[in-house]
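Shared between the two complexes below is chain A, which pairs with chain B and chain C, respectively.
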Partner chain A sequence: MTRAPDVTREQRGQTKRMSVRLQCPGYPEDTLRSLADRLPCRDTQLETLLQLMGQPDQYSYPSIFIYGHRATGKSHVVLSVMKDLELPHASVDCVECVSSGLLFHQVLSAFFGPDAAALLPRCPSLSDFVRLYKQMSSNSPATQTRYIILDRAERLRDMDFSLLPALLRLQELVSDNVTVILLSEIVWEKFRPNTGCFEPLLFHFPDYSKAELVQILSWDHHPSYTPELYASYINILLGVFFSVCRDLRELRHLAVLNFSKFCEPLEKGEAKESDIHKLWKNIEPHLQRAMQTVYLREVSSVQWEQQQMDEEAATTLRVLSAHAHIELPYYSKFLLIAAYLASFNPARTDRRFFLKSHGKIRKTNFLKKHEKTSNHLLGPKPFPLDRMMAIFYSVVDSRVAPTASIFSQISSLVTLQLLSQVGHDDQLDSPKYKCSVSLDFILAISRTVGFDVVKYLYDFL
Partner chain B sequence: MSEIPTSSVSKGCFVFKSASKKRKRHVGVGGYLVDDSDDNASDRFKICQKLWETVQMNTEVIQDQLNKKVLDSLAEFIKKHGLGRSSDNWRQRASEIPTAALMLGVNVPDHAMTFRSLCNLLQDSVTPFVVSVHAKECAAVKFLIQKVLEQLMEIGVSVDEEQEDDTALPQRTQCTISALCQWYKTVTKKSTKVSPQRKENSTNSDLPQSLPVVVIFKDFEAFNPQVLQDFILICSRYTQELPFIFIFGIATSPSAIQHRLPHSVSSLLCIEVFHSLSCTQHLASVFEKLILNSEFPFKLSSRVIQVLVGIFLYHDFSVQNFVKGLQFSMLEHFNSQPLSVLCCQKQEALLSAKTLSKKNVERIRHLPSFMRYVETQEPQEQVRLLTDDEHVKGVCHTLLKNLHKYHKNYYPILQCLHSLTSSLPKFPLGKHIRELHVSCIEKNLWETEEYDSALQLLRILAKDELVAALRKCAEILKSAKRMQNVLQQLDDFIGRLEALQSVSSEDSSGNGIVSGKIEYQRTDLFQLQKTLLEKESRRTRRMNPFEVLRSQVIEFIDSLVREYLTPAELQPLSEVCYYSSSGVLRQRLNVTPRTSIQAALSHPFYYLQNESLKTNSGTISSAAPDLCIVYKLHLECGRLINLYDWLEAYVTVMSAAEDQDTNSEEGGKYDSLKHARFIQAVSEMEFLGFVKSTKQKTDHVARLTWGGC
Partner chain C sequence: MSKRRSAALTEAQRVSLAQTLLRERLCHQKLPDRPVGLDSQYKHLLELLRRTAVHGESNSVLIVGPRGSGKTMLLGCVLRELMSLKEVQKNVLLVELNGLLQTDDKIALKEITRQLHLENVVGDKVFGSFAENLAFLLEALKKGDKSSSRPVLFVLDEFDLFAHHKNQTLLYNLLDVSQSAQTPVAVLGLTCRLDVLELLEKRVKSRFSHRQIHLFSSISFAQYVDVVRAQLSLPPDFPDPKFSEEWNHSVTKLCEEKSVEEILKRHFNASKDFRSLHSLLFLAVSRVSVSRSTLCEADLLEASRLISADSKANVLHGLSILELCLIIAMKHLNDTYDGEPFNFQMVHNEFKKFIQRKSHSIHKFEKPVVMKAFEHLLQLELVRPVDSGVCKVQREYQLMRLMLEHGQVMEALQRYPQCPTDVKQWALSAFG
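Showing the complex of A and B:
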């Protein structure tokens, strides 16, 4: 098991970066140094990885499983190592592999050229792949360890169930010097097939701390400003965003988007670079606004930048969720209301709400709230079509013939995802539905038709 | 067939549709019409088709006009993102894919046309690489990628391992985006080499041409979220090489995006929202162009309009369907009303009035509106109208002219009245002009309460409001040739109103308050109106010059309404142009499957048209299909039906017919054939959803419908 030793944790706190001396025989030293420089804050991971890999011609561990949160540099570190040290490798993003054949194809063409990959049969099986690999590698045996890097490896679980166990011990299967590196955001426990398999070497990439983030982000400073200025900008940015977002990619995106605003006082000559406080006062409210808009993608990045250009656009800009209103045909509205009532009221209360003379059921014993939890907390419940139609006819204010268009409106609501069908959609007999709109939405809808939906909801009695 | 010239400059293959098939179909239509050639059926068919063509043309024009703005801004968006990228490499917007969220409204049937014009526009002016995908064809990512590749590369891409049919192809393309990347590279390289004179190139020749690849998701909501997410993830890996742009066709609201895509995926997109035209606005334009138009001879009665608009508002919001309804009414009208030969442009109508057949003249005599007209004539004239065919034709000629004149006058005045009343609080005469139109053609508008209250409100308008409203009317009337007289009078009124300068200060302030308060429509308006009206009536005694003039204006408007906005029904020969069978229309367009099933089961004659099935209601004919008998018997039962009793009853009905003298010895028994037929009928009942099996009681089934016969 490889864990970052505690010593390095202390080192991280140091502002001045120590130039780490990587000692790995078999690899050119200056490449290693530049590699270490390009991967700030990942020295220990880099070192461990190189140690695991051993010398180029030595066999490495058959499979390595690297995990860690989003944007902790997993792909970046591994691929940089591969590229800079010019190791033979095949890098595959599993999300692209809609079939395992594509994966085999990519691996073979990376190692042995596209011609080799073309030899794969039409829908290659795992054994086809292994056979072809063996054949090819016997022609051109590995002088260096070959690496197969599988990004987003969690997708492998959805593919052929034998694929993952086979990949984990591919070295043994093809008897070649090959190592499979799996990259994932998910821990290994969620991968392990219940039939058991070869255990890969687990390797964790921890999240970056705030100081590390500052260090990495300051790296790509703007060419026309001093690095110090940019670093202080990054500090301010993280002061606002660190509590909600530690995703390096996202932070970098935000940094780029807002930098021009930060520099505005400098451009106008209102402040000097040393005037950090003034710059902070200028940018802070802006960043707060960004947190509620661009960060959530309520406003697109282009719109956000345009808005910075001219202040007028800022006031007219409408965020994405502001257009929540949906215009629906009259009966569709009532159908939706009926569906909502059917989803959130217990079926036994229908008599009380919808029977004109419910007489006997008195309110007191009716209100026996043995179910303490509100139905709204439990979420929508499925209901049969008949029940919804019965409610529909009792809430709609005019006589409605059961026409085909009423029924087709139900399926329209399903395609619009305002209702969702429960169970299989070829069940013709008595289909069940769920209402998937929010209370606010249904309140708005019922307001437009003058229907007081709250009066009919069991939760609000 | 060999005579068809096939000369062409380029090589190509020519498709000859089998001529025999075509002719056969044509004969089919002709055959229907020849049957009653006496009624000029083929003429009517021709008129109808011509009208339908104008309808189609007009609707397309309207759609294009209304969509122009949003489509143009979309094209602009795509140009901006597709062609002007990577200007500043310090802040390259990493891998965000520009995405347009196109809000289309819930009227899904109308979307197809919008997408078609969008595709054409983009292909003409922005990029040849436009793909549109439907959720139905993309149940998995691979199918989605396959669709995109197929449409772009215009070749078959194999995705499914099972289909072995096209293994013969030497280099099969793999169904991946990287294959697309390769293709894109070669294509763009070629096109920059071969055609450097492209429009885009000439404008910014120094930039490497990067035509964007536009993927249109036609029905965003229906897509499987997982498929979408994967596709976006994959595409975002290639943004450097392949300039993707997405368009999401969204029927509901932009929040649908956030519901379907998690932050990790939506952060890969750069989303901008575009709104397409609202369907009500679209309907209003179609209505104005096709129905409130004197150039268009075919008219709808108020009831028919209500049915069509009702379907629109209550059921589907679809303008397409509205136009289909209009088409159906046209077909019905020209098919069922022989006199519709006269329903065409004025000159043609006048011509065919001269050549009316004897039968048609007789039909004219039977038209209710014509009969009413006859009654108003002198006795001598009446006799002539009833006996002299030629005279009828002559009269017809003038009546048709009058009808056209009526329409020419009607629409401008209708628009004027609408513009006057549509700004009144609470819209006493309706918010939309179609509502006003419906009430005008159905009854005498001036006899309604709504009209009274509208006039009352007009009577308390302040001066500047009144002048503004009259100006609008004058604007409308300017385009109506026949209305110059009225326009003159109106201008005169406006002039006089403006000349009135010195309104006494007390009054002007009073009126100011009135007008000011009318603006607040939310407050207790009714109360306010009442008090104001009372105040007004109290004041009538001592009117200032403005008030005098104002009431003159109102009277003038009133007289116009009474003169020109008379109900269409009262116009002689209105039946020629007006289609009024709203019942038929409703039955055909807004079908009720359940009632049809019930009608079929209880009155099989209605559908089968077999004489032996004609029965008076209540009795059960044994000649009817088993299902009908079983159905009728089950109507007499309660919630639970005893199967044995049911069978007994069935057998009784059957054997009662077979021979009346069946003795009681056979009463308890019945042959297995009848038994089997009964069982089959019951299972058919179950299939139709009238009964279902129940565990409550053995040998019983539960009824699922209520009520008896």
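Showing the complex of A and C:
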């Protein structure tokens, strides 16, 4: 971050000019300026936030709700402001708080020291918290606005029903200069309780535009290459990923992972830095592959890096990532196929598929009676065990006796969650099942036993 | 804050002083001198409480009004006036409970004990029942001489929440005391639920006096503007009279402005309560700085824009193209199947049809990539599972509903940066 690329230089000049305008009495000016420099593309948000907060000794609005997509700098901006301006604040990530007691504990110890938090009883209620807070704040009244920052505030909805409404009007309840800042990805409408509550001020952090993403991503360019090269690399990367993902953190991770591959032709001397087209041709398929693997977390970053080392591994990895294969016994495979057929074919078509002499099919009638939507859209239907066994006997090529070993394979398929039992376990005489594997999976399975499953599916007739 | 003479105040100090004052007012930290438009209610309540405080009559009353209509403010003003009477000040005890904080009767009783300063009297005594405990508390308040004992005012904020406590023990006992000629108590309930009496059990209801004070503001628009002016004006005792005169003048002029009136009218029509007005004014006031030391039209315009922004549209603006396409597909499914729930498979199918037939700007994506986009929408709660309890269903086949209106989708599409034309056309076409 020492040398900024040229692309951003102009932009940073702008932020400089902005920060001169960004004058907030009560705060040291040079801290504000360095703050504005460290938060690229968030100038207006920073300004509005500071305006809302006002001077440190002034009252601030009881609760502020900040929402915006993941990685748009919500917590980063708020926390940097708090830390750099040295304001009294308690920042709590609601994911960490399995009980409201933990939340109270963190807030009290941040404001009044660990001794105060130790005064909380064992399972503190909201009442205890407010009482202690009042007691403490009467001993040391707030000279500056105290801020409680609750990250991932959507978790508060799952906690005690009165917690969220009470926090929103905490200023009134404890009669202290305290502001609660809630941060969330989810819009405020989803938070409002049934009978309403104190409405916080809503404040939106917009997503970064493409140009802004380029600017920010170019900040961490590699020292041994020119910033221009890195910027053009970022442009190529965004060309592939921008339509799918706008999450800055994810894009940044992908950028770091794939940069060495991008530089490979340069190191081998096959291309120069100016041959953008050549470099693009080299990296593009690679990025496409990354989208199908690393982006989906089918391979870990370490595996992906290893794969870049040797191309040999690439092919094996591809197979590995495509669909996790489970090796099943021979009859289990057929049982699964039978279950799949029973789940996705209507029962009345069984005659047609599995009976040797099914009589004359009135073809027109059969085809015209197409359901409005195919079963592959609606999902698997439950079926009785008998039906599955009947289909199983007819699809498996050899004669199989209905032994205990066959039935035990059914229950092991249930344990593997390839089948799922519908209804209660106490239905002993005719249990019902559902097949819960995808079409791709069943196609792969049937290929291993040389069975053409598509021919037997009503949807693909 | 400087305490120097007004002449010595710099511009910056003047502005920040004014801001401090207004912010305090708009954050509801300061009670107004007199509640606006609630004169009859004010008198009624004051009279009731005076009878308890001075004459020792027990009473119970409910103050009902929508959120932000000034219930707490009204009560605060009444109590302030009541407590200014000398004989009341010494004598009356005030117990404030809040349904949000005292979530069950045990906690509430502990809080009552604490607020009556009776912790050491109670000590480690063990009580048989709740009523016994409460009776003991009230007994302890009785004076040695005469039959008179100190009147207690019980304020129950969020009264409806107390009705959800087990057996409504607290309410039953409080109202029972208020009915029988024991200690003089006044039970004041504050609630935003009109149907609150329906929540009470029969035995509790019959002990309630059925006195209700309703707060439905009936102010006209002209009065509303007057309130705005009053809220923004600086008081006469502001340290710098010249500045406050200028400020007040500018506020008066601002309220006459056409566009400002339009904004206020819009807010007035949406809701008459003052709390939403305060948040609007707060935003406007916070924009005042040293370089622009008066409140101007642009501040209010910007504040109104911030307040009335549709947050879902804001969220849609930040979605990726793929996610937006999925939303459009869901919209089409909603149109064709008349709002029936859908699953991922259907959405994917709809999306695939679009890719095959009409799209030239968007390429094919692998199904897992689409699934990831879909799950992001689920995480943002733009789509919602019909019944979340069923976990046995595969993720692709779980039934979902779109939580967006038709209009919201179309509006988001208009505002979307660099939206490909074929996607727009697809969204506009009647059937996928």
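Rule of thumb we're sticking to: the second predicted complex is superposed on the first by the 297 of 461 C-alpha atoms of A that agree within 3 Å, B and C clash if a C-alpha of one lies under 4 Å from a C-alpha of the other, contacts with A are read in each partner's own complex, and residues count from 1 in each chain.
Quick note on the criterion: contacts are C-beta pairs under 8 Å (C-beta built on N, C-alpha and C of every residue); 3 or more make two chains touch, one makes a residue touch a chain.
Keep in mind that this is a model prediction, so the values were computed, not measured.
*Asks:* Would you check which partner chain A:H253 touches, where first means chain B only, second means chain C only, and both and neither mean what they say?
*Replies:* A:H253 contacts chain B only, not chain C.
*Asks:* Residues of chain A touched: more by chain B or chain C?
*Replies:* C
*Asks:* Contact-wise, after the overlay, does A:E273 reach chain B, chain C, both or neither (first, second, both, neither)?
*Replies:* Neither chain B nor chain C is touched by A:E273.
*Asks:* By the touch definition at the top of the document, which applies to A:H69: first (chain B), second (chain C), both, or neither?
*Replies:* second
*Asks:* Touch test for A:E228: chain B only (first), chain C only (second), both, or neither?
*Replies:* In the superposition, A:E228 touches no partner, neither chain B nor chain C.
*Asks:* Looking at the overlay, what does A:S243 touch: chain B (first), chain C (second), both, or neither?
*Replies:* second
*Asks:* Mind working out whether A:K190 is in touch with chain B, chain C, both or neither, as first, second, both or neither?
*Replies:* second
*Asks:* List the residues of chain A that touch chain B in one complex and chain C in the other.
*Replies:* In chain A, positions 296 sit in both the chain B and chain C interfaces.
*Asks:* In the complex formed with chain A, which residues of chain B make contact?
*Replies:* 81, 90-91, 93-94, 96, 98-99, 101, 103, 105-106, 108, 140-142, 145, 159, 161-162, 164, 167, 174-178, 219, 221-222, 230, 233-234, 237, 251-259, 263-264, 266-267, 269-273, 278-280, 311-317, 590-595
*Asks:* Going by the contact rule set out above, which residues of chain A touch chain C in the complex?
*Replies:* Result: residues 23-26, 51-52, 54-55, 57-62, 67-69, 72, 125-127, 130-131, 160, 162, 165-166, 171-173, 175, 185-190, 195-199, 201-204, 206-207, 209-210, 242-246, 291-292, 295-296, 298, 373, 376-380, 420, 422, 434, 436, 438 of chain A touch chain C.
*Asks:* Show me the residue ranges of chain A that touch chain B in the complex, using the header's touch definition.
*Replies:* Contacts found on chain A: 70, 93, 95-96, 98-99, 101-102, 105, 122-123, 222-223, 249-250, 252-253, 256, 259, 296-297, 300-303, 318, 320-321, 323-332, 401-406, 409, 412, 415-418.
*Asks:* Over in the complex, which chain C residues touch chain A? Could you list them?
*Replies:* 1, 12, 15-16, 19-20, 23-24, 26-29, 67-68, 72, 98-103, 107, 110-111, 114, 160-161, 192-193, 275-276, 279, 282-283, 286-287, 289-291, 306-307, 309, 311-312, 314-315, 317-322, 343, 345-346, 349, 362, 365-366, 368-369, 372-373, 379-381, 392-394, 396-397, 417-418
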